[in-house]
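Okay, handing you the structure first.
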Amino acid sequence: MAKVLMKGNEALGEAAIRAGCRFFFGYPITPQSELPHYLAKRLPEIGGVFLQAESEVAAINMVYGAAGAGARVMTSSSSPGVSLKMEGISYIAGAELPCVIVNMQRGGPGLGSIQPGQSDYFQAVKGGGHGDYRLLVLAPASIQEMVDLMGLAFALADKYRNPVMILGDGTLGQMMEPVEFPEMIDPDKLPSKPWAARGAKGREPNIINSLYLNPLELEEHNLKLQAKYAQMAEEETRSESYYTDDAEIVLVGYGSSARVCKAAVDQARQQGIKAGLFRPITLFPFPKAEIQAACRQAKSVLTVEMSMGQLVEDVRYNLEFKVPVHFYGRAGGMVPTTRAVVSKITELVQEGGRSA
Amino acid sequence: MITVFERPKSLTPAKTHYCPGCTHGIIHRLVAEVIDELGVREETIGIAPVGCSVLAYNYFNVDMYEAAHGRAPAVATGIKRVHPDKVVFTYQGDGDLAAIGTAEIIHAAARGEKITTIFVNNAIYGMTGGQMAPTTLIGQTATTAPNGRDPEVQGYPIRMSEILATMPGAAYIARVSVHNPQEVAKAKKAVKTAFQVQLERKGFAMVEVLSSCPTNWGLTPLKALEWLKDNMIPYYPLGVQKAPEEVKA
Amino acid sequence: MLKVEFDEERCKGCELCKAACPKGIIVMADHLNSMGFYPATVIDQDSCISCAFCARMCPDVVITVRREEKNHG
Amino acid sequence: MLQEIILAGFGGQGVMSMGQLLAYAGMEENKQVSWIPSYGPEMRGGTANCSVTLSDTPVSSPLIDEPDTLFVLNRPSLEKFEGNVKPGGLLLLNSSLVKVEPQRTDLRVLKLPVDNLAQEKFGNSRVANMILVGAFVAITGAVSLDSVVGALKKVLPEHRHKLIPLNRQALELGVELAQS
Amino acid sequence: MAKVLMKGNEALGEAAIRAGCRFFFGYPITPQSELPHYLAKRLPEIGGVFLQAESEVAAINMVYGAAGAGARVMTSSSSPGVSLKMEGISYIAGAELPCVIVNMQRGGPGLGSIQPGQSDYFQAVKGGGHGDYRLLVLAPASIQEMVDLMGLAFALADKYRNPVMILGDGTLGQMMEPVEFPEMIDPDKLPSKPWAARGAKGREPNIINSLYLNPLELEEHNLKLQAKYAQMAEEETRSESYYTDDAEIVLVGYGSSARVCKAAVDQARQQGIKAGLFRPITLFPFPKAEIQAACRQAKSVLTVEMSMGQLVEDVRYNLEFKVPVHFYGRAGGMVPTTRAVVSKITELVQEGGRSA
Amino acid sequence: MITVFERPKSLTPAKTHYCPGCTHGIIHRLVAEVIDELGVREETIGIAPVGCSVLAYNYFNVDMYEAAHGRAPAVATGIKRVHPDKVVFTYQGDGDLAAIGTAEIIHAAARGEKITTIFVNNAIYGMTGGQMAPTTLIGQTATTAPNGRDPEVQGYPIRMSEILATMPGAAYIARVSVHNPQEVAKAKKAVKTAFQVQLERKGFAMVEVLSSCPTNWGLTPLKALEWLKDNMIPYYPLGVQKAPEEVKA
Amino acid sequence: MLQEIILAGFGGQGVMSMGQLLAYAGMEENKQVSWIPSYGPEMRGGTANCSVTLSDTPVSSPLIDEPDTLFVLNRPSLEKFEGNVKPGGLLLLNSSLVKVEPQRTDLRVLKLPVDNLAQEKFGNSRVANMILVGAFVAITGAVSLDSVVGALKKVLPEHRHKLIPLNRQALELGVELAQS
Amino acid sequence: MLKVEFDEERCKGCELCKAACPKGIIVMADHLNSMGFYPATVIDQDSCISCAFCARMCPDVVITVRREEKNHG
């Protein structure tokens, strides 16, 4: 396929279709609305269903319905809208249903702003809803990667019967970049889902449910979920290491902050500073072994986020406080500049990367 | 001997957890009988609410979902859009449908979603211990309205059938009761129509069933049925609120 | 076979069947079933007219009703 | 090569598609490109702007703080962005609409009354922006004129493809004016 | 005042009234419903307002309204209901409004069970809603402490103009214990709130808001919030250390798990094991200095939770991986038994507290 | 010279961010005029929604809240219960009130909450870029209904005034338009009544104002007003849907 | 002293207030006490139980796995809880309703037909539970009879306070029967 | 003082006033204001009947309307 120039939100829509997704339920919100706009046009053309729900709450519960019925299904929103989906997401995880949820983060808290943000990291990776569930969280850093990860997202959702979140931000949603799409997957040719509720023809009824009145059974169910998460940690972590082999200072960032970090690493290297970048692509499961490997020789680590400090906690946790981890964050829709990150690098290198 | 009445196939053998004399059980049975009679057991997907009927997924012998409180119509929409040829029904209480789930039921009706809703109105939150429901009558006591519902404070009971009947997407809306065998028979007819309307893709269909909650009303099962007749029916008049032309005739 | 048969272990003793029976032939047993209820039962099967009012009112689907076949004898 | 461009004007003046045109042209040349709009509650009548990056290496942030080139189509945009342009950068100004003088003295400034020019030369003010794009191409060489013309097919909707020759003429006028 | 025997949920209700709370908006859910039942009776008696909202979403937004209008106001729910409040909570935190939110946790995820749980820890302390906001989270372990912390909760909410969460669980809500109440606070005698919206008489209008379209302003607002959180960490951490002075093994638990831990410590001591308990009372801000002090001499730490492992991450984080931190958790409504905890202690002590 | 028309005191001097010809501006002014005329500026608390009018808190010269999308009636309830003597109004769009906020507005009306709601129905989501609203007309295009609203897929436009008028707690419900000076005058009268009904504690009051969105309808301001008159009014008939006896007379 | 007690029966048999009575009595004696109900979707007709702890030291978990004493008011409760009682513990059984024999041989078992006794002796089956409580007090001495009588004022609603003497008689009967 | 006065810098050039004026005396100026709009204005103040239709239709509260005092002489 030839490259096309496309907006992130629209590319995500096309990528979902290529991945065999034929159902979308969502509610408009900036800065992700081009995704529903795109699908509103495209899905009916290929026999799919686009439905604008009356709210995010309704949308996520429609997803619950469609996912339980065996379909590849997606929803999409941005920060405040995702908060409204927390109960529904906990239900989907509890009932072990596969689906894809997109969050094009914006500045918070509250109504905040419509400019890009990365302050829903905790919500995404720790489970903003109640109960011990987890989402598999993917963090693309370019439009091409958004497209690639969308295919992966649906595959992993089905593999684990678990909701997968694509955690982007306003920048990734709004920007255009050249992108190439994979071949179309025919949803009718995907492996069948014998657990799905589509009428109990010639079999015992299937039940889509997260209620376990007997606490021992619910505990067992939880242990099963934990085993799944452990398997994900074993098999699904993804990351990118850029010039980390000899890096004295390793930057850590995901999504669009990671792009800025990469440019900063390049500039720092030009200045003779041994800088590198570790970019987690799966935010949950966190690429623990990978970050430890990437930072083995580092004197210091600098986490860069569009938030007041969320990813940085996981960086420290996964590095087990063996390296001093510093933080540079912008908030409220402000985006870190390459220049600021480079000057933060210089400062840290001069300090010798000591105190955390 | 000919069997004139037996357990419908669309009920599992499970014993229900309902309190003695709770009419949820009657309503379950009516739905199951209708599914049997229409021969759609293997094509049907039901949705249990959060409420006393939360375990309905153990009682109906069809594919079932348990939905989050109030969201059954949204879940049903998701299912029906994936499987437009299947029969999809929700079973919901008055807290579920008329309080937290107000937006979902209204918009399912507005969309003319081709689903059937069984709305069990017992004027109380049964499951959680007798709190006021949006349908609790003026003066009726509840654990969150210990001095009786006062319209100046808690407002007026909501008549969902009347509201939904105003919507073009709603094809069939009826209110029935199950306080005696005659009404049970009529209720069954309404439930059957509500499923037929779905099969004929006419639009959204709902049957509101006035139901008793002896436990939280603090009455014996028999007194509860009397109370229902004497107090609920005057405020919630029985009858078909809306029907496609053919059904009316 | 009996005209009205009660699956006694399912009965919750609510008495809705009893109140609905036009022949007044349903009574509550004086023993508890395993759920702790006094179950309903019919002693006088012969008086039963197989109207199934009892069954229709029973929330627990305890009751099966049969009638003699019309063209039976 | 790294060209960071901000294009700014009133909503409806076509700055968004002008930016996309440049990004497409860059892509045609296998450059690394990105485009991003400002987005916000400024709707019709408000100001609109977008950022375009044309580069030989991967684009870090698509957001641009200090553009190499600034296209200005109205006065508020001049006030908003003039101060950010890199020293020695390029300022392209639609002087049909912007009557004030830029403050910066360290920029290369080209003022073209493109609305008037388009009307006079082609009887169609719609192609005014193309004159500015032509000038940009001529001055920076960031993309070739051919790539821009090729990109027009992607940016213009099908039913406007017949206007491509006219657009080319406007582009060429821009090249000419820039070189003179 | 004489001691009375009271259910946790009801005691919380009375304690709120004593603290000057006159407004409650909530939606029923097990296992916290006795709290609204109690207030439905009591509030009207003293001129307050009890209102059952149509949903948790409406309830939290009514709280936003009442809090912005200057009232001491409370809401209460349990896990799934709290998830539904996430957007509203983020708004309240963003608009800097004081209020108290009770979560009587139950087993999750999804509908889960109605039995006690502690699996909403992350949601409470990391901000389950979007944006970089934080709740001040208090975790009582007895009915008396619930009462005491309720007074504190309202005071801190007003002090910081920040929502305060009381994180309990089904056990604390349902159990009865003897309890003594403080004197009644007259809400009319509380310091006035000049920022509140109650009609712009003789002054410029007050605006209750969390929208900042200018990202720089929103960033500043976020920095202001962070400064508040830092001040909380400075001034408000609370904890209990029980036999930690010489403890070789320190148990960490909060709320009703901490009660079990305490009994286990007693039993372990009887067996000659130097066990101790560290009980965080503020979960956010986390009592970092205190836990470090309590574990200074410990060979190992054992975190006990009714979850699959949430608090344990904060324990490791705050101990900076200097001590091996082990985990014992039950889920789904199962409650750890003293016996099981003691045997876990014995096991760890025998192992010599090595591997984490 | 006597001034016959000037800027009301209850508007701040701020310039609005609305598009040229957007009738949100007219509706703001009407509300401000009424607050002036009733002399309640210092007693009034207003609630801005999420929607194009999100910044209304900068435009009304009274104490203001910005509420989460759809939740203004719940916020208003919280305020009014704390300050029953103050004047509380919400200002909401059709996405805000008739989609995500359906439950909140219906239950505010059911409770007879003594607040005033200004419901700006422009049949579209203005703020977010022209998506379909629950009030979008059949056949009308939107960014999420690119081929026009099809009732088989997206269902039927919802008439909120008609629904709310069925509720006993609603004291005053009227639909008005602002497409010409005569209608603007009538609209103002309705807004005034809706505030008076609150002052007299009669119950919930709402004025639905048909409003234009030239930007997302893709029309000039003038053509938009024409489109409103020709297309919206037939489906959303103007008039008082419900009023206390005195008002009707 | 630590007494952990489970009281179990059908909903409506009064096990909840029986448990509260014991907890109140313990509180009167300045003991550390807790009471907790089982809660769940078992409603009227289902089984109900509560756990009461009376202790000299702070109560760890109010939930009880292995009670010292088990009150059994119906058959399902016997089946559900019998196995959990501590070896050597006490089983108090309402034999008016429970017709089967306990399986455990390592318990102290007292079977009293309290429904019948209450009806026969006091003409009021409502005080049946008090006979069991009296027996408990006599056997364990966990609380005094006076404290229980004192606690009745707290547990019984005002309009039932006139029944306190009758309850005392029933308690005393229980003491007597336990001692005989 | 003028009968109709336009706060030109607030005008968004929507023309709603122009369409509403029964006397047809409102015209759009040929210069842009600082927001980039051609503002409305009235040249022929004398023809104005002070009906305020223009002001009532103006979404941006641009217009102040006055009339001569009746008993002015």
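Which chain is which? They are A, B, C, D, E, F, G and H, in the order written, and residues in each are numbered from 1.
Note that in this section contacts are C-beta pairs under 8 Å (C-beta built on N, C-alpha and C of every residue); 3 or more make two chains touch, one makes a residue touch a chain.
Not measured: the values here are computed from a predicted model.
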{"item": "Lowest number of touching-chain links that must be crossed from chain G to chain H", "value": "3"}
{"item": "Chain pair, A-B or A-D, that carries the greater number of C-beta contacts", "value": "A-B"}
{"item": "Mean-CA-position distance for chain G and chain A (Å)", "value": "55"}
{"item": "Whole-Å gap separating chain E and chain G, where each centre is the average of the chain's CA atoms", "value": "34"}
{"item": "Rounded Å distance, chain D centre to chain G centre (Cα mean)", "value": "87"}
{"item": "Touching two or more other chains - residues of chain C", "value": "12, 35, 37"}
{"item": "Where chain F touches two or more other chains, by residue", "value": "18-20, 54-55, 66, 68, 99-100, 102-103, 106-107, 127, 134, 154, 214"}
{"item": "Touching two or more other chains - residues of chain E", "value": "30, 51, 54-55, 57, 80, 87, 91, 95, 110-111, 114-115, 209-211, 213"}
{"item": "Touching residues (chain side chain D, partner chain A) in the complex", "value": "20, 23-24, 27, 33-37, 39-41, 57-63, 65, 154"}
{"item": "Interface residues, chain A side, partner chain B - complex", "value": "23, 25, 49, 51, 53-55, 57-59, 61-71, 73, 87-88, 91, 95, 197-202, 205-211, 213"}
{"item": "Chain H to chain F touching residues, read off their complex", "value": "1, 3, 10, 12-16, 19-20, 35, 37, 50-53, 55-61, 63-69"}
{"item": "Chain E to chain B touching residues, read off their complex", "value": "27-30, 33, 36-37, 40-41, 44, 50-52, 54-56, 80, 110-111"}
{"item": "Residue numbers on chain A that touch chain D, as the complex places them", "value": "3, 5, 30-31, 114-115, 170-171, 174-178, 256, 259-260, 262-264, 266, 335-339"}
